[in-house]
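What follows is a group of structures, each given as structure tokens.
One chain, chain A, appears in both complexes that follow, with chain B as partner in the first and chain C in the second.
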Partner chain A sequence: MNPQFLMDGLIAGAIIGLGAIGVTLTYSILRFSNFAHGELLSWGAYLALGISGALGFLAAGLKQPIGPFSFGWSLPIAAVLAIILTGLLALAVDAALFSSFRRRGSAIIIMVMASFGASLALRSLLEFFFTSKPAYFTQALQIAMKLGGGLRATPDQLAMLVVALVSVIAVHLVMTRTDIGRAMRAVSENPSLAGIAGIDVRRVIRTVWFLGAALACIAGMMSGLIIQIRPYLGHDLLLPLFAAAILGGIGSVPGAMIAGLIIGLCEAFTVQIIGAEWRSAVSFAILIAVLLVRPRGLFGKAS
Partner chain B sequence: MTLDLVAYGAFFLTMALTYAIICLGLNVQWGMTGLFNVGIAAFVAVGAYTSAILTTPETPDRFGGFDLPIAIGWLGAAVVSGALSWGVGALTIRLRADYLAIATFGVAVTVQLCMLNLQPLTGGAFGIGFIPRPFAQLQADALLFSLANCGLLMLVIAGLYLGLQHVAKSPWGRVLRAIREDETAAQALGKRPIRFRLQAFTLGGAIMGLAGAAQAHFIGFIAPDNYMPILTFQVWAMLIVGGSGNNRGAIAGAILVWGLWALTAAAVSAFVPPEDQAQAAALQIVAIGVGLCLMLLLRPRGLFGEVSPLARLRNTLPLSAKE
Partner chain C sequence: MTNTVLATSLLVAGYEPDLPIVRGVDFAVTKGEIVILLGPNGAGKSTFVKAIAGMVPVHSGTIHLAGRDITRVAPHRKLAEGLAFVPQTENVFASMSILENLQIAVALLPKAQRAAKIDALFARFPDLAIKPTRLAGALSGGQRQMLAVARALALDPPVLILDEPSAGLSPKTVGEVFAMLKRINGDGVTIILVEQNVKAAMAIADRAVILAEGRIAHEGTPAELADDPLIGKIYLGTARHVSSEAAL
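Showing the complex of A and B:
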């Protein structure tokens, strides 16, 4: 068997893991599964595409590829702006939709349903603005480098793996070492008690949205850079995201990342063994297995 | 001209009625029990394919083609979809509420894959054709044919409606409502919520399967494209607009939303230049999504929704007892 599937699986897994961290955070702190999270990945990718296109138009020099990479400085600059904008988008959706359900104390499942409606609207808006034709950050071709052991990777792929690793470590440090991280964990344990203890629950909720959306944007851009950008980019990743969040254990940031990598590797392995057409069924099989054997996931707390 | 209009009206109503059946099934799951199903399209598809495989004439390159009577196909559709719902429900209903939603979403993705890839069973992307249509002997007369089909579906709906109304009033339906309103209280009375929820989920899934079969036999041809996530969205919009918990609302919502959908689709194809039609169709879906959210925000019980018995009680109590 060609060991290359390990590399493909790692990259797909990093994308899934980054997205799943957002799902697991919203689930543990806002207490509902957000079906619109996939759309944040797509919006992140399209926002970065739009901004980097505009930058390239304003200053052609920014499109010149940096060193071995296929993209120019316009992309990293656009990435920072896109991360902020995706975060603002998530906050706007929360303000327009979810916050009023929270105020009313609606049932969780109503929020799930609203997120479902929001995902439909957000995705079709992308289809309206950008049509369903796939788009690319760059047209440049890249030659894969030999890494030894029969593995090959393009410089872009390696860069993305590094970005993913840095993001996960950063989020993990925020969650464990900072005040806001402690506040987030407190709210996820018990929102009313946290509120009584003087924690600003609304600030925590805003942070969760922003953090989740920022990671979603990074994951979306990674997927867009390595594969392609489509309005369905996020929707197609939604099932792996949920499967990873549940496999990792709801609320666990490292769990979500590890589970994402497991799912990515399993998908790549399936593609090798059975065939690419069954790739999307892998997350479902894993999801069912987790629900059967260990519903609280690898690192989750027993409810 | 008027005859054409009547024939078209009958055709439109028949399509709307097939959606109304799905909506009734969803109402058992969501309206009566509070179970969130995001994979409606999958259960409908399983029903449609089951019935198609059972009733189509024999085909050399595909499994099935048992050439059985249509009624058996419909029954089989309900049974297989019901069994699938039971399996999904048994796995997830005892867990957190959203796990069922996530699992049904997974079912939708997986059934879509199976339809595309299990070619010997489902015909792959090309689907299954030559599904026998009820009243095929009348096909020469378009008007009579549409009216007969429409009448048949009306009968099915009437039967389902009476049956479900009866179920809602029966002790079983009362237990379901009790569980939905206050699970702990119901448990204290010795009712096991998990078992009742699972039964309701299975019943709802079986009705969706029946609807899929009815639709397949009415159109005469099925393919994976018919069962995209948009179908799930449409049915949800229908139930939310009509009012969950109310069977009449489910039927009215289906006809209303399908009418709006068909009208806007017709308007798009008539007034929008062909190169912009894909974009206009996307806007149409944005409208459904926004509409769903607005309905949840502004009028959560829909046009004819059931008022929660607890809320009704609360409103009749004196002010001092409200808190």
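Showing the complex of A and C:
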């Protein structure tokens, strides 16, 4: 067996894990499954593409590859702006759509259906602006380096793994060590108690949207850099994202990341053992198995 | 009226807009009092205190705290206004540690004052200081109640409202909780509590208010109410099984 599946699985898993953190936070704090979350990955990738393209156009030097990587400074700079813009996009969708349902105390199913609508609209907008033709951050080719043990990875892939690791640690520290993190966990456990304990629940909700969207943007850019950018990029990851959020335990940030890696590795393993056409069945099988055997997931709280 | 710290005027409140549970309550509490709210199940006691805390919508009427109108103040701002509320159940964050619960409580204070405040709360509630990393969900009923009260007192509120603090506790712990409330009152905090445990609460209360069908039915000192044969019979436990509707 070729051990390369480990590297492929880790990278796919890191993308799924970052996306799943947003799903798990929205689910635990806003209490609905946001099916539009995948679109935040796609929008993040396209925003970064647009901005880095514009930067490269304005200053050609920014397109020059940095060291061993395939991309120039235009991409990291664009990444920062894209993260902010994706966060603002999520806040705008919330203000335009979900907040009015929350105010009316609408049923969860209405929020879920609204998220389907938002998903469709956001995806169609991307197809409208960018067409459904795949796009790439860079045309440069990269040679994979030998890492020993039969593993190979391109510098881009290794950089993305580092970015994913740093992002998860940062979010975990925010959740456990800061006022806003504690407030988020408090709202997740008991919103009405959080209110009388002096926590501004609306501010927490805004933070959740922004944070989830920022991580979605990073995941989308990772996927775009390592594979390609398509309007369906995020939509096609939706099942693995939900499987990871549920496997990790709703509300658990480390759980979502670890579950994402497990799912990525299982997918890569399945592709190697059975065949690529079974890749998407993996998340589905894991999702069903977790719901049957341990519905609270690996790190979830028993309810 | 300068000594009135909390007052409601013609307060109407309830979960549904067309279904008021509290139906016009005029209620005033003097600074330093312990007031106990009594009444049969469904009388609206809990809804009344939740409406004051902002957890139940107010349909009409007003709530004044130290002379300021706080009727429309958002629940999360009431704590900063000086009104702390301890709900009956789920009154601590069970998935978080004792320390984290208190960190949430002091988050409204300037950063420099927080550590000292948490130390002061631990000094006041030494049982909580034994193992601050313990999950609140793993605490006994009495310790949980203590943590809930410590959380509520973190900003030194002039008014503390508690919804059935003795519910589900052992008789010994009930005694400890009431002794704790008496001490807190001694520190100058005005206390309003909803209680089913009438005897224990009457022992520390300055005044009792009886609600029935969303309105104030009677009020007086514990001694006055105990002397009233009908009230004694219905509310003070001398004849528990009398239907309150029939008696009234």
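What to note about this one:
Here is the rule we go by: the second predicted complex is superposed on the first by the 303 of 303 C-alpha atoms of A that agree within 3 Å, B and C clash if a C-alpha of one lies under 4 Å from a C-alpha of the other, contacts with A are read in each partner's own complex, and residues count from 1 in each chain.
In the analysis below, a residue touches a chain if its C-beta (ideal position, glycine included) is under 8 Å from a C-beta of that chain, and two chains touch if they have at least 3 such contacts.
The structure presented is a predicted model; accordingly, all values stated were derived computationally and were not measured.
The wider contact with chain A, measured as residues touched, comes from B rather than the other of chain B and chain C. When both complexes are overlaid on chain A, the residue A:A118 reaches chain B alone and has no touch with chain C. In the overlay built on the shared chain, the residue A:L291 is in contact with chain B alone; chain C does not reach it.
Residue contacts after overlaying the shared chain place A:E189 against chain C, while chain B stays out of touching range. By the document's definition of touching, of the two partners only chain C reaches A:G198; chain B does not. Listed in rising order, the residues of chain C touching chain A in the complex are 53-55, 74-80, 84-85, 87, 90-96, 100, 103-105, 107-108, 151, 155.
Of all residues in chain B, only 34, 36, 38, 91-92, 95-99, 101-103, 105-107, 109-110, 113, 116-117, 229, 233, 236, 240, 278-279, 282-283, 285-286, 288-293, 296-297, 300 touch chain A in the complex they form. For chain A in complex with chain B, the residues that touch the partner chain are 27, 32-33, 35, 97, 100-101, 106-110, 112-114, 116-122, 124-125, 127-128, 131-132, 235, 238-239, 242-243, 246, 277-278, 280-281, 283-284, 287-288, 291-292, 295, 303.
The residues of chain A lying in touch with chain C in their complex are 179, 182-183, 185-186, 189-190, 192-201, 301.
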